[in-house]
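Think of it as A, B and C in the order they're written, each chain with its own count starting at 1.
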Amino acid sequence: MAFFFEVLINGLLVGVMYSLVALGFALIYKASDVFNFAQGDMSLLAGLALVGFLTVMPLWLAILCTIGVMTILAYGTVYMVFRPLLARPPLILFMAAIGLSFLVQGIGQAIWGTDAKGLNIGIPDNPIEFGEIWISSFDLIFGAVAGILVLLLVLFFQKTRTGRALRAVADDHEAALSVGIPLLRAWAVTWVVAGIVATVAGIAWGSRLGVQFSLSLIALKALPVLILGGIDSIPGAILAGLVIGAGENLAEVFLGPYVGGGIQTFFPYLVALIFLWFKPYGMFGKEIIERV
Amino acid sequence: MFYRECGNLKDSYASDMAIFPIPLDRWGVGVMLILAFIVIPFAASDYWLSSIMIPFYCFSLAALGLNFLTGYAGQVSIGHAAFMAVGAYSSLILYSRYGIPLIPSVLGGGVVAAAVGAVFGIPSLRLKGFYLAVSTLAAQFIIEWVLTHWKWVSGGVFGTIDTPALRIFGFEINTATEKYFLVLCFLVPLVVMGKNLVRGHLGRSWMAIRDMDVAAEIIGISLFRDKVTAFAVSSFYAGVAGSLVTMTYYGAANIEEFNLILSFHLLGMIIIGGMGTVLGSFFGAGFMVLLPILINQTMLTFMQRVPSDLRANSEAIVFGALIVLFLIVEPYGMARLWQTVKDKLRLWPFPY
Amino acid sequence: MNQQREPLLQVEDISISFGGLQALNKVSFQVFPREIMAIIGPNGAGKTTMLNVINGVYTPDTGRIVFEGKERPRGMKPHHVAATGIARTFQNLALFKGMTTLGNIMVGRTQKMRSNIFSQSIYWGFSQKEEIRHREAVEWIIDFLEIENIRKQPAGMLPYGLQKRVELARALAAEPKLLLLDEPMAGMNLEEKEDIARFILDANEELDYTIVLIEHDMGVVMDICDRIVVLDFGNKIAEGTPEEVKSNPKVIQAYLGEG
């Protein structure tokens, strides 16, 4: 029984990380109707940049510089890719994001190298005992960090003027424009925020798995989370991340041995698929009614 | 005055609706067929035949399949490579394990892929756009897992199936030229049939679904039937392409070759080549096959030896940049650029 | 105008609401064969919603549709409804912008196409003959609506007035028993309106089509329609000939406001 809880809690902590990545997606989608396929590659870029900067400067400066890099990326993406594509159908934007993901990945690896790098920013990874359950301190700390970040984001969007402006943009581009909100700058800010989220995710996963190409695939894990939660719902992303993280871990540990393992790759997608059938817009997503 | 369209009047609907109504186009196709069947096989080196032409033809076929689904019918798919894998494994099982002759095996691979594709097309009844794309991604992962973990298929976890000697009617196929002809003989009829499909009623229904599916349904198009058909047909082409490329190029059915990256590359092929056109599939596939070579050659002019990392990253950068560029500047891809060139030639030398 | 005829379409007690908003409230009316009927009413009255219900896009909460004497099963999908012989044009244009004019109109022939995927892929033989046959029918409509010179142009590039006409052609191509037109003259100048009005009359007189149209231009409505149904806030407030409707106090109040 304790083992079950251990698996569950570890899964939940992983789930928090998924929520974080999904949050980045949800933010950009809410603001600009673009599904940012490049989110994972942005995490990879952040991780690579951080490791690169760490070789020449202290941690706090390295993090600042990384955020600087992500800001440049955000502005570049919005002004060079999505401004020209402003009124295009969602299919086109989706494919542009795919193109972007290759671009970001290629540039990041070209500048900072393709080999896997270790990232150690000094977060202890000790197993902590809770009764009969063992949880790694690293997971706990990052779970807490992610939780705080989510809270900050929610506060930012609900309480600050910029946040409200971004939500207005997400709701209705034209209406927001007519109230004087500069659309492109709002987008850029959203992408910067998503970049920060990507950085935190990049640090978390990078410390865990090492900063390498497979980091970009983490983003693909976030997709089922978005499906479950609803692509434009922040509470949905959070809740669904936890569900997927826990579910995936439980499935792999308890079902995996019967079928030769490797379940965690597709299990979230299977869940998403089944969910999509009955509730195409997810737990909290907005339903889109087409009028003729 | 090369490319004339005036004076080219049609006196029957049949000739107006022919595949190549302009005589020069007919000549052009004739020349290409001669090139493909006669000139290239005898003039090209084995390297060109086996490393360039064969994968070019196979990926053109796969890209054409994806074009049916995404370019014509508007259903985004990022799991297309998985259907190629289904075709590859099925046809090899039919051929090497059950001794079914080569041509039916390849076609059988296509049929199995079509069936699987149809099943994964069912979500298109309820899902659109992003959600549908995710369901195709699910197809990619699920199929990958099944093909590697189902012992009957793969003969062990992550098993591969080797290609035995290829034989048609007792005639053994092992030289590059012979393999080239094998692929070509599948390619040509399938492309012709594909072209017929897209100019006919099914193609129009697909485009109607792509452009405005609610209206299409009101006009009488069965969305479900035609969408699932699109998945099935596109998966059939993917399956045949997967079988051919495995038998004549890779040598063994290996799931690693049909991974998510390939699915992205196929999507990129039709974006760059031209969505919703048959020709675009060829442009896109040709581009992808030649890209590594082009990059390699370009870099060799600047440095002694090109590290494979740098080359791989440069490919990714160029690929991604071109996708974005084409989407911004010419969303209809190289096929549209080609059309523009032809249009200009039509008026040459009178551009005004 | 003999009321002895069997109605082609009977709308009985149709109610439908969207998230608390009652779009249609127990609306009933009849459409007789070979007549031109208008549905009029202020904006938001539920006119387009009514057409959508007839097309099967929306399933009403209550009520039933009887077409050609047969009650329509609840929840019948739009493409099956189309098969019973109902065609439609749309208020905001629903042309397939990626196809040519010819392609768009040929899609209108969907119901009549019989060849399957295999014969289409081979083309020669059955499929080719069918394509030619339908092409001839479509060319007839192109002549009828005088749009010969834009046949091969992409529909997305046409001027608005011509796009409306192509959409009309597409609906006519289905050779429907009932033709539903949603504001076929919206946004047109006087000359274009006269053209469309002429085409509608021709379709009715020469081809014997039954037509239901939504229209805001009262002049047109009074001129070409046999009967009118008036909706206001989802309720039917009048049904009758133009004279009857014109002098109906409820109609006057709905259009001119209270008092």
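Everything below uses one rule, namely that contacts are C-beta pairs under 8 Å (C-beta built on N, C-alpha and C of every residue); 3 or more make two chains touch, one makes a residue touch a chain.
All figures in this text were calculated on a predicted structure; none of them were measured in a lab.
Each step here moves to a touching chain, and the least such steps from subunit B to subunit C number 1. Distance from each chain's C-alpha mean to the overall C-alpha mean is smallest for B. Chain centres here are means of the Cα atoms, and by that rule the chain farthest away from subunit C is A.
Here the CA centre of subunit B is 41 Å from the CA centre of subunit C. One finds 48 Å separating the Cα centroids of subunit A and subunit C.
Each chain gets one centre point, the mean of its Cα atoms, and the points for subunit A and subunit B are 33 Å apart. Residue positions of subunit C touching 2 or more other chains: 57, 90, 94. Counting partners per residue, subunit A has 292 as the residues that reach two or more other chains. For subunit B, the set of residues touching two or more other chains reads 214-215, 218. By the touch criterion given at the top, residues 13-14, 17, 193-194, 196-197, 200-202, 204-205, 207-208, 210-212, 214-223, 229, 233, 276 of subunit B touch subunit C in their complex. Of all residues in subunit C, those touching subunit B in their complex are 55-57, 77-79, 81-83, 87-88, 90, 94-99, 103, 106-108, 110-111, 113, 115, 117, 120-123, 127-128, 131-132, 135-136, 139, 170, 174.
Across the interface of their complex, subunit B is touched by residues 35, 81, 84-85, 88, 90-92, 94-96, 98-107, 109-110, 113-114, 220, 223-224, 226-227, 231, 259-260, 262-263, 265-266, 269-270, 272-273, 276-277, 280, 290, 292 of subunit A.
Residues 74, 76, 78, 123, 126-127, 129-131, 133-135, 137-138, 141-142, 144-145, 148-149, 157, 214-215, 218, 260, 264, 267-268, 271, 309-310, 312-324, 327-328, 331 of subunit B are the ones that touch subunit A when the two sit in their complex.
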